[in-house]
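In the part that follows, the structures are each spelled out as structure tokens.
Below are two complexes that have chain A in common, paired first with chain B and then with chain C.
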Partner chain A sequence: MVDDIILETRGLRRDFGGVQALRGVNLQVHRTSITGLIGPNGSGKTTLFQVVSGMDRGGNGKVLFNDQPILGLRPWQIYRLGLARTFQLSRVFPGLTVLQNLLVAGRPGDRGARKRALGLIGRVKLCEHVNALGSELSYGQQRLVEFLRVLMCNPALILLDEPAAGVNPTLRHILWELVRHINGLGTSVLIIEHNMNVIADLCDPVYVLNEGEIIAQGDFDTVRADPRVLEAYFGRTQRSGGTTS
Partner chain B sequence: MDLLQPAILLQLAIGGLLAGALYALLASGLNLVFGVMRVINLAHGELMIAGAFLAWLLYSLLGLHPLLALPVAMVVLYILGFYLQRLLIERIVGRDELTSLLVTYGLSIILMNVGLLVFSADFRAVPALQGAVYLEDLDLVLSKPRAVAGIVSIVLTAGVYWFLKHSRTGKAIRAVSEHAEVAMICGIDVTRIRMVTFGLAAAMAGAAGVMLTTIYSFSPETGADFVLKCFAIIVIGGMGNFVGALLGGLLLGLAEAFVSGFLSTQWAEAVAYLLLVLVLILRPAGLLGKADAA
Partner chain C sequence: MRLDLSLGLILVLLAALAPVATNDYQLSFLLQLLLMVALAQSWNLISGMTGYVSFGHAVFFGVGAYTGALLLVAGHSWWAAVGWAALIATALALPIGLLTLRLHGPYFAIAMLGLNEVGRTVATLWVDLTEGGDGIALSPALLPALETNYYATLFLAVLATLAIGVVLGTRFGLELQAIREDEGAAEMVGVNTTRDKVIAFAASAVIPGAAGAVYAYYTSFIDPLSVFLPALNIQMVAMVLLGGRGTLWGPVIGVVIVMSVRELTWAEFPTLHLALLGALMILVILFLPEGILSVLRKRRGPGSTRLAEECRQQGE
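Take a look at the complex of A and B:
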């Protein structure tokens, strides 16, 4: 693997009984890139995140993070290597305060964790909620806290699973600004997102997953024009020129 | 004698709170394990008795005072609990309740029978703390062993509460208790945290056992009575809720004291279960529990 690549999957497969959720996925995330992962519902995007992050240890193939094979490692080991992720549905710790939610994700022995946590909380304007319990936050605020939490280990790569889903436009703006900011500081991002404007605006390259296979990759305009992508999203093109879904 | 005299009521209340503190210490450990692993450890009472026998041995063989045996028993029980989790309990985490009940019940039978083989069924006690103190201003008689056991229990339970609330490991335990899956992706070694939790709960049970030796006589079979009461306490307080177990323990101690005073000690034995039924009818999730936890 060349040094420029921070994450690579080679022939990654995941079967659930007779269902092949991932069918030999080959994907590369370049260092300091914001890489997009799109595809119709059920195409295997979240399964890919589950396998790469160690939450699902039933995958076969190869996953290299910073040249190191990580398939089979436990999630906390992968996190400590510098690969963090968020979930599709917000999952903060409801009984911990906002500050504690962040501190719990800090690296052991990190003396600067509290300062960094407060800095992150301030950056997304949640200062007045610093001692509020996770359960007391709005859904959008919970998503922000979840996002801040993955930043606590200074990750080299973060996997964001639809981070803006269910978030109001104001908080969404803060979120995307933060993604740009941390990317600017050198953190690579692999992001699943359904909003194509966001993908077009943020991501390069973009991978398209359909039925467990990568069917297209490249910049947004390239994949948007790819007939296989159109077919995956809108159904097979008829000879008459119409579409079925 | 008029039982409604303030001095007698105060006497009963203080006695009840001190006994309740010991219950709370024991029940908090059971509740901690349930909160983090969703496992009801029916062997918790036997771990308490292991602590009691350790204190008895140290007193009989070395003349060690129970208060000095306390840290020794806690360390030994912590290590025992830590590895019990690793070797046995970890295998049943995430399985259905029946599996965990059967496995921990089996463990309790094994521990009890090992105790019977080694120590026989004879009752023993550690007569290191005896007598009573009369507080003239309050017109109150305090049994020394009960007062010491109560105060030690309060200090230890408060210490564990502080540890859970403020230490890094304590926060990790709470995180695992709330969302084990999310805790994993926050860099928390969930398996190790479960081992620490079970060790901590076993240490609390061991400490309760050491204190028990100064108040009651005990045999290897005594643990079963206590674990049933503890189970009632954590249901009363709210399963998985640490503060709920404290409240439940103190409430049971008070209720037993007043029922003993006003009715009889036989009725006092039934109080835990009467309270349990009452709470399940009026507030099924327990006093501090949430509906989904129930």
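Take a look at the complex of A and C:
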């Protein structure tokens, strides 16, 4: 069922001079799934997000969102199509209030934006900070606000780049609950995460990226048992080293 | 909001009554003060709101001054010439904005600084049109009265301040501020940054264009150095930063302080008064980087606001 796929990359490449950060990545995100993207540091996960979200427009290949090619579009155009992302490091607007941070991300002309924003802030129990500046929040709160911000346009797909990194356990719990909640409402999620418990708990399927290539995919247990994945994470094992030499 | 409006109305009323209660010297001073308010608020619209610091906004003032002077000489009425000056400055700002707003930070600032120099050079070398370095002297018979110039300047200052007030309350204003805070993140949440910046930039040239023309009528003589004045660029920046960039009243406060200090000290200390202003600037930047207004603005009371209550109700 082709219609079941909300995001697809075909042969996606990104070169930085001699470095091939993405070498023909084929990846599919199914509608209403929470898809995981894992891989060692420097494997190209964030580059993939940069290219798909339009922040990096140097990619080659095909990116289809709802069957529509989006490679080459500007980030704001992609966002308004319903594909939103968060950043690896919080990029909340420091000089705007929490409410303003959310309002600016709403759809233009949306009369319900204010109500929606207050509802989201209330949901994560940040009401006492609604009028605080972004810079006055703790790092965890900033990450939460950044996440709420992209929910303002009611996106069909969200790319989350290590959303829980640097967030304390309480807020992390709220964050994962919110991910589950919006997913339950029909939003698809593609998530980069290093915590394997979270990946095991939330994601199906899981893609493993290594040196710019997808080396494994499937449910978490399948992927975890894949020898190429073990090799990518832990280096060549004694035994496999022995068989090849 | 209501407080801003009442305060604004009172100030405008006082300013409107000023010609009755002042002599020509005092009225001249007030005219210059209002002129600087108009220019500072225009600069505020692009640089205060988006963080793209323009060091060359005098170029639109200069273009307006020459347009106003030349059209007046050619037989147009003064108010039509002011309108054309605003229009031509804006028309010029559009392509310039499209080109220069691709640059960030210091590159944009320097490009604008260079642009002002280009304006001055063109005005100096295009002798057939501008009479070059000799400048254009306007015959007193053509010129509006001091009071007329004063009211025209007051109108421009009010318009520029009103524009900031309106923009601050809109989504467009929020988008401009988001660009200032983090342009990449703004674009990532649906803000068409290029469009917003170019609109703000073009709009920020309207009033300087008109103000240039009124200034030409007020002084009755312009030459390239007096209207493409590098110091004018610095003044716009300094006054807005002093008061508080991206705010409604910051630029007004900045202008009033700088102009008053200068007026009170220049006769006594012809050279020292500039050093005084410089010292004031340094102190403000060191201790109040958000401008003087940041002291007066009351701290947001976390948790106590009605907004937080509304938020709790929505969150349930």
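Methods note: the second predicted complex is superposed on the first by the 238 of 245 C-alpha atoms of A that agree within 3 Å, B and C clash if a C-alpha of one lies under 4 Å from a C-alpha of the other, contacts with A are read in each partner's own complex, and residues count from 1 in each chain.
FYI, contacts are C-beta pairs under 8 Å (C-beta built on N, C-alpha and C of every residue); 3 or more make two chains touch, one makes a residue touch a chain.
Note that this is a predicted model, so its numbers are computed, not measured.
K.L.:
Sticking to the clash and touch definitions up top, decide whether chain B and chain C on chain A clash or fit.
P.N.:
Here the two partners, once superposed via chain A, clash with each other.
K.L.:
Tell me which partner A:115 touches in the superposition: chain B (first), chain C (second), both or neither.
P.N.:
In the superposition, A:115 touches chain C alone.
K.L.:
After lining up the shared chain so the two structures overlap, which partner does A:130 touch, if you call chain B first and chain C second: first, second, both or neither?
P.N.:
So A:130 only meets chain C here.
K.L.:
After lining up the shared chain so the two structures overlap, which partner does A:173 touch, if you call chain B first and chain C second: first, second, both or neither?
P.N.:
neither
K.L.:
With both complexes superposed on chain A, which partner does A:181 reach: first (chain B), second (chain C), both or neither?
P.N.:
It touches nothing on chain B or chain C.
K.L.:
Using the superposition on chain A described above, determine whether A:84 touches chain B (first), chain C (second), both, or neither.
P.N.:
both
K.L.:
Tell me which partner A:57 touches in the superposition: chain B (first), chain C (second), both or neither.
P.N.:
Neither partner.
K.L.:
Of the partners chain B and chain C, which touch A:228 in the superposed model: first, second, both, neither?
P.N.:
neither
K.L.:
Looking at chain A, which partner touches more of its residues: chain C or chain B?
P.N.:
More residues of chain A are touched by C.
K.L.:
Considering each complex separately, which residues of chain A are in contact with chain B in the first and with chain C in the second?
P.N.:
53, 55, 74-76, 79-80, 84-85, 87, 91-96, 100, 103-105, 107-108, 149-150, 152-153
K.L.:
Residues of chain C touching chain A in their complex?
P.N.:
So the residues of chain C in touch with chain A come to 171, 174-175, 177-178, 180-182, 184-193, 300, 302-303, 305, 307-316.
K.L.:
Which of the residues in chain B end up touching chain A in this complex?
P.N.:
168, 171-172, 174-175, 177-179, 181-190
K.L.:
Quick one: which bits of chain A touch chain C in the complex? Just the residue numbers, please.
P.N.:
Chain A residues touching chain C: 53, 55, 74-76, 79-80, 84-85, 87, 91-97, 99-100, 103-105, 107-108, 115, 118-123, 125, 127-132, 134, 149-150, 152-153.
K.L.:
Report the residues of chain A in contact with chain B in the complex, numbered from low to high.
P.N.:
53-55, 74-76, 79-80, 84-85, 87, 91-96, 100, 103-105, 107-108, 149-150, 152-153
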